[in-house]
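Note that the chains take the letters A, B, C, D, E, F and G in the order they are written out, and that residue 1 is the start of every chain.
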Amino acid sequence: MTTSQNNDHLAGDFYTQNFAKTAKDGNLILNLGPQHPSTHGVLRVVVELDGEYVMRAEPILGYLHRMHEKMAEVKTAAQFIPNMGRVDYGHALGWNWAFVGAVEKLADIEVPERAEYVRVITCELNRIASHLLWWGAYLLDLGAFTPIMYAFDDREKVLDILQIPTGSRLTYSYFRIGGVAQDLNADCIRLIRAFIPWFRSRLPMYKDLVSDNIILRKRIEGIGVIEPDACRRFGATGPVARGSGINYDVRRATPYSMYPKLDFVVPTSELKDARGRYDVRMIEMEQSLRIIEQALDLMPEGEVLVKGAPKPSWKVPKGEAYFAVEGARGKIGAYVVSDGGKNIYRTKLRAPGFCNLSLFAEVSKGTILADAVAILGSLDLIIPEIDR
Amino acid sequence: MAAQSLLAQKPDVITADPILNIGPAKQIVDLCRSMSLWPMTFGLACCAIEMMAVGMARWDIARFGAEVFRPSPRQSDIMIVAGTVTKKMAPAVIRLYEQMPAPRWVIAMGNCAISGGPFKFKGQYGIIEGVDNLIPVDVFVPGCPPRPEGLLEGLFKLQEKISGKRFWPNPPVNGPFEEGK
Amino acid sequence: MSPLTLYQLVALILLMAGLFGISQRRSLVGMLISVELMLNGAGLSIVAASQLTPANAMLGQLGTLFVMGLAAAEATLVLAIIVVIARRFGTTKTSVVSTLKG
Amino acid sequence: MEALFNGLGALYLAKCDAAKTGQVFQAFLPPGSLVRAAERLLQDKYFLEDICAVDCVEGYVVVYHFDHFEAPGRLTLRVLVPHDAPTLPSIASVFDGAEWHERETRDFHGVLFTGNPNFIPLLIDPEMADCFPLRKEEKARAKAKDMLEAGEVIFVSPAFTLMTPEAPTEVKESSGDQPATA
Amino acid sequence: MNAIPAELLRIIIGLVAVAVSVGLIGLVMVWVERKVAGHIQRRPGPFEVGPSGVLQPLCDALKLVGKQLFMPNGADPILFWLAPVLSFLPVLLLFLPLPVGDGIQTLDVNLGLLLILAFSGLAVLSVLLAGWASNNKYGLLGAARGVAQAVAYEIPLLLSVLAVAFVSGSLDLAQVVKLQGTWPWNWNIMTQPLAFLIYIVSALGETNRAPFDLPEAESELTAGFHTEYSGMGFGLFFLAEYANMVVVCSVATALFLGGWHGPVLPGPVWFVLKVSALMLLMVFARWTYPRVRFDQLLVINWKWLLPLAVANLLLTAFFVKLAQFA
Amino acid sequence: MEDMAKIVFGAYALIILCGSILAVGAKSLVRAMVGLIATLLGVSGMYMLLNAQFLALMQILIYVGAVCVLIFFAIMLTRADSGGEEAESAPLRQNLLALTAVLSVGGILGWLVLTRPLATTGVPVEVSIEKLGLGLLGPYGLAFELISVVLLVSMAGAVLLAWERRNGK
Amino acid sequence: MIKQALNTMSDLWSLMVGLRVTKTYFLEPQVTVRYPWKAVSNIATYKGHLELVSAKSPGKPKCISCGMCALACPSNCLTVVKRKPPKPTPEEEQAMAEAKAKGEKPKDKTPKDPEKFLYDYTLCSLCGTCMENCPVGALAFTGSTYLAGYSRDDFHFDLVQVLKNQAGLEGVDASVAPEAGQSEA
């Protein structure tokens, strides 16, 4: 918030006061956000600064709390799917999948094989788009302006492909309970096939432009070291955990869909720092390409939506189910509890970013403000997902 | 400041300096204003990504002089409210609007900002149903999220509002859509 | 009035201002500023005298240069002292800091 | 898996079908032994996935999901707290990540966690923090046993009736399986 | 006090000319920077306002003039508005001793170099004042950074300039240029490559250009020291930044790249060409690199630039003395 | 003195006067520093008039570029107490005493300056930088070295004094 | 020592490499699609807001006013206003009475197409649920993506009216038509 300090309405607000209670005298208390270029939207971080050193930081959430879990109670299962695209606009299909998968598990619905492949392909494409978005935005945080332009150029190619079956660019509501809304047409598959080698050829450019750049290396190496133990205590997953050397990927750990049939590597890094997370994400993009390539080859012909797929007025069977998928930011989980009504009784969405961000307070302690920004970026935040 | 109480009092719209509001001077300055709309780096939700996309190479809002995304409200001319405004965020939005120097404009981008969009339902407890309840909005760009073209169109509409003239052709009609060079 | 006298008067003004400041200011930084004023007055006076009289002009300029160097050194040290005092006493008001005496 | 809960006074232990519910094991615990259970889970290198509450007729069933990085398999801890005094000990001292989950649960359901280091509203504006949006109305509440998966019961405390299905034969069936699996 | 009026007249005329040209240069530079940035990023940049968007900066300037001027609560009004003026006015002075061509120079002083170095120090004060007076935490942090940075980078800058002064034996820019020849191998960059490098790096630091743009680091401090400035207050900072860039590049051209020397084309053209090339380099650097961290910035200065600059200076002195004896 | 120079002199004198008043009188220390800067610039202009360009530029380089920045830093670092302001103005008695002291010193010196004018050449001498340089390294080399040693020592002292140990860093 | 020096050199070289990349792109052709003059190639696959599909006769929607779409819509952005039965002419009234007397069910003469099909685009999340649940396929997405207006009421469409306007005004493109549509207010 760019306000003067005397009449800063945040200075007297509940969170700041609460935070300031334990602040040391003479330290500067600074509100980063809710509108701040480096907090990716509306995250707010209150930091206690001693000079440029962050003594303490407390993320404050809820500036984009959009009541998804409440809406899940109000809307029927099928009606809730569009929400999933809005929980995490970066990796919308992952969320689509988590929710749809949970309901399918609950109702014991078998998804056609082609639909599973379509899900894999689109989800991995979406993962690439998400990582590209992160890459560009992260470098923007670190002060490099051009990478985000290149990243978005490449991301547009992915979006163009995904637009064919889904019809939208960002907030997909593409998966249905029992399949997907639309098949990938020949045009789309042709584009995907063309995209894979093209995108592979782009990766060295990323390396040349910044990955190897000495300034970037100095900025992210050794910054924000997260020990595996901390990941465990905070429940961090995804690239954050893998960047700390934890070989945990839901696609491998509790295999779902067609992933067991696909050959890919789960990249991990022993560096444990921002660099490790950076590397993991860069390799993940390559691996996603591999997955897509194989899935395209293996994909059978057939239906993409199970016969008699649930309509909006469908009654969800009683019971509970937890389904998790590997999202771009980590483990996306959907826990559904149904009492047999049209609306799911209770839907709990496990947001990976939520857990990853809770690490921030611990990791940022004692760093320089600029490093805190670098750490925040390396956690890959999508605020709507965290606030839900 | 409760979000509720904020809803009641809409901030005044300060008009521009009187010196520059006379006759041809105003016309010229208005023209310049419409051609140099610096947005604030202010993204809320999904639409913010599309807002970023507009700044990126494929659409390049820079062509119309609006790529100078300023992080400080003091230096920006338009606020693109891109995303859901929650009740928690509302005071900040108003605050940011108040911090912008006149003349200032607001574009409500996306359905959430216009009316609450998909998050408007009976019993909702967290969002503001339309940012025009908080601050005066000049241009509305619907969509969920709107395509970048939509936001550009919104920008043109705003330019039209400021300068009284549309400078660019109307959107392409059914014509051959070609990737331009 | 000869130009030299005028210059000397200006230097005198600086001296007086500095003197007034140093005796009236309540904080160390304010006093530092006043000292700088006085040093400047001295410098101006020396240079004017050496430039406008048959005396060795070079000597005057060099002297002033040395004064500047000293001023820089003094400012550095005083700054450090002020920072230490501020850290220890939480203020740079002379009235508070004078407990040093006892 | 059961060994984990030795001496914790668990009320209900059951194996679950992972293919059907996504959970491997579930346990109902008394609130008092929650922290000790969490400590053991941390020692066993489990990580906390999430905490959520389900508003049932009998009270709030607070559900803790744990998973394991090396040996995946979801473990569910459940605690029942009454509607009128929804208080639980916080496990934030064990699993630091729980702090936010607990605050979120407070925001949504009004379940209080004693011992949480920073127990202030997380997602909801502090000024309207007492709205507890996910609390259900009396008549909209459903019974816990109708929704929660009973699983393959390993142990059930006699005093614990929440999950006991109406037909007692099922319990026998499940307990009959127990020696085979144990 | 000899012939001051004539000199003064010249300075006044020069100042006016410089003021006008600084404004123009600022506008042109804004356009160039945005265009180049656009092309690097595979987009046209400003394009629709005027042919190829040339009127864009003019529109921006007029718009900025027409903006409401804000002053934050609790700010010091005098200091708040003094800061942008103080950032802009000294830059005008810096343009005076620049030798654009043989004999084309507003102020021909034999201490031209010293004058530039002395007055460029004033820019720091404006940053400080701006950050202080705007009563904003980001502003204050930005100002503190700006000062530490500027003070640090001034030293290697001075030392590298001194090395050239040793070689040329003069602090008069025109004199330094005259001593160089037409062809690149006659330029000072051949004898002082290290000094040139140090100069360019510390010039980036001095002018707060990316990757050293820490006082206004967007991702950390929103807009740093000028966070609270709106309208023309901000415009002046903006203009001063570009004007500063021009000065720095011009000095580099005069010192290292043979100034107006060059085959075939007339002197001023060469001068402008060389300055543009350097500025293009600076623009490219800005749009290519991530921002360095603040402590790294100081480390670069104290651990690399300063020792190198000192070593270079000593070596230069040694060789110059050797040449004198030889 | 030519007319033009007189006008310029007057302008500089005015700047110095206003600046010094601001420097000692302003309540806000930052304003006082701005006053100091104005004074320094004025003095530098006077050096210019005295045909001591080198000195004038050094004045700006050292005083404005370095000393003032240091002072500003001092203000910023100690701002914790009273927001960088002179919290309360001095009591009247102290003001009066200060004024008396100043006036007495000023009176004596002023009387001396006015009544005992030195023989003046009227035209400032020009000293080339070479001469200055040779002077610095030749006859006054010792003083020069001393100054540099003093500077070094003071810098080291300052660092030592202000060093704050950050645990582990 | 030598290794360190080499490392330093390679570090510096990495900076040069970066510049080379930007230089390459500086000289490469641009990717920008100059929007008001040109549109991106794949705009056709993008789903804009809803429209009614016309039946055989232009201007008359296929819709049978069953209300499934409104029911299925997650965001309640559709309102289907059914037509009131037309006032029966005396002959018809007589025929009805006769039919009643015979014990036959009177034939519903009400036209199936909706009188109004109100669509609040500002609530829509473009999920396509309505289309999937439409029994007759009367709804479709438009390719219109260029909407912007000065009031939020600009986007409350009566899709029936829109369809009529489209049919009536030959050649007017879809993107302009909605603005001519009736607003809900």
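Note that a residue touches a chain if its C-beta (ideal position, glycine included) is under 8 Å from a C-beta of that chain, and two chains touch if they have at least 3 such contacts.
Predicted, not measured: the structure shown is a model, and the values here were computed from it.
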{"item": "Minimal step count in the chain contact network, chain A to chain D", "value": "1"}
{"item": "Chains touching both chain C and chain D", "value": "none"}
{"item": "Two chains sharing the most contacts, counting C-beta pairs only", "value": "C-F"}
{"item": "Farthest-lying chain, centroid of Cα atoms versus that of chain G", "value": "C"}
{"item": "Euclidean distance of C-alpha centroids - chain A vs chain G, Å", "value": "29"}
{"item": "For chain A paired with chain F, centre-to-centre distance based on mean C-alpha positions, whole Å", "value": "59"}
{"item": "Chain C and chain E: spacing of chain centres that average the CA atoms, whole Å", "value": "32"}
{"item": "Interchain centroid distance [CA atoms averaged], chain B/chain D, Å", "value": "46"}
{"item": "Set of chain C residues in contact with two or more other chains", "value": "none"}
{"item": "Per-residue multi-chain contacts in chain B, two or more chains", "value": "41, 56-58, 60, 63, 71-72, 74, 86, 88, 99, 118, 121, 125-126, 144, 147, 168"}
{"item": "Contacts with two or more other chains, residues of chain G listed in rising order", "value": "15, 18, 21-22, 25, 29-32, 34, 46, 74-75, 125-126"}
{"item": "Of all residues in chain B, those that touch chain D in their complex", "value": "2-3, 86-88, 125-126"}
{"item": "Residues of chain A touching chain D in the complex", "value": "14-15, 18, 58, 61-62, 65, 67, 69-70, 73, 102, 105, 108, 228, 230-237, 241, 246-248, 253-254, 318-324, 331, 333, 335, 337-340, 345-346, 348, 350, 354-355, 358-359, 362, 387-388"}
{"item": "Of all residues in chain G, those that touch chain E in their complex", "value": "15, 18-19, 21-23, 25-26, 28-32, 34"}
{"item": "In the complex, chain E residues that touch chain F", "value": "1-2, 4-5, 8, 76, 78-79, 82, 109-111, 114-115, 117-119, 121-122, 124-125, 128-129, 132-133, 140, 143-144, 147, 151, 154, 171"}
{"item": "Complex contacts: residues of chain E adjacent to chain G", "value": "36, 39-44, 47, 284-285, 287-289"}
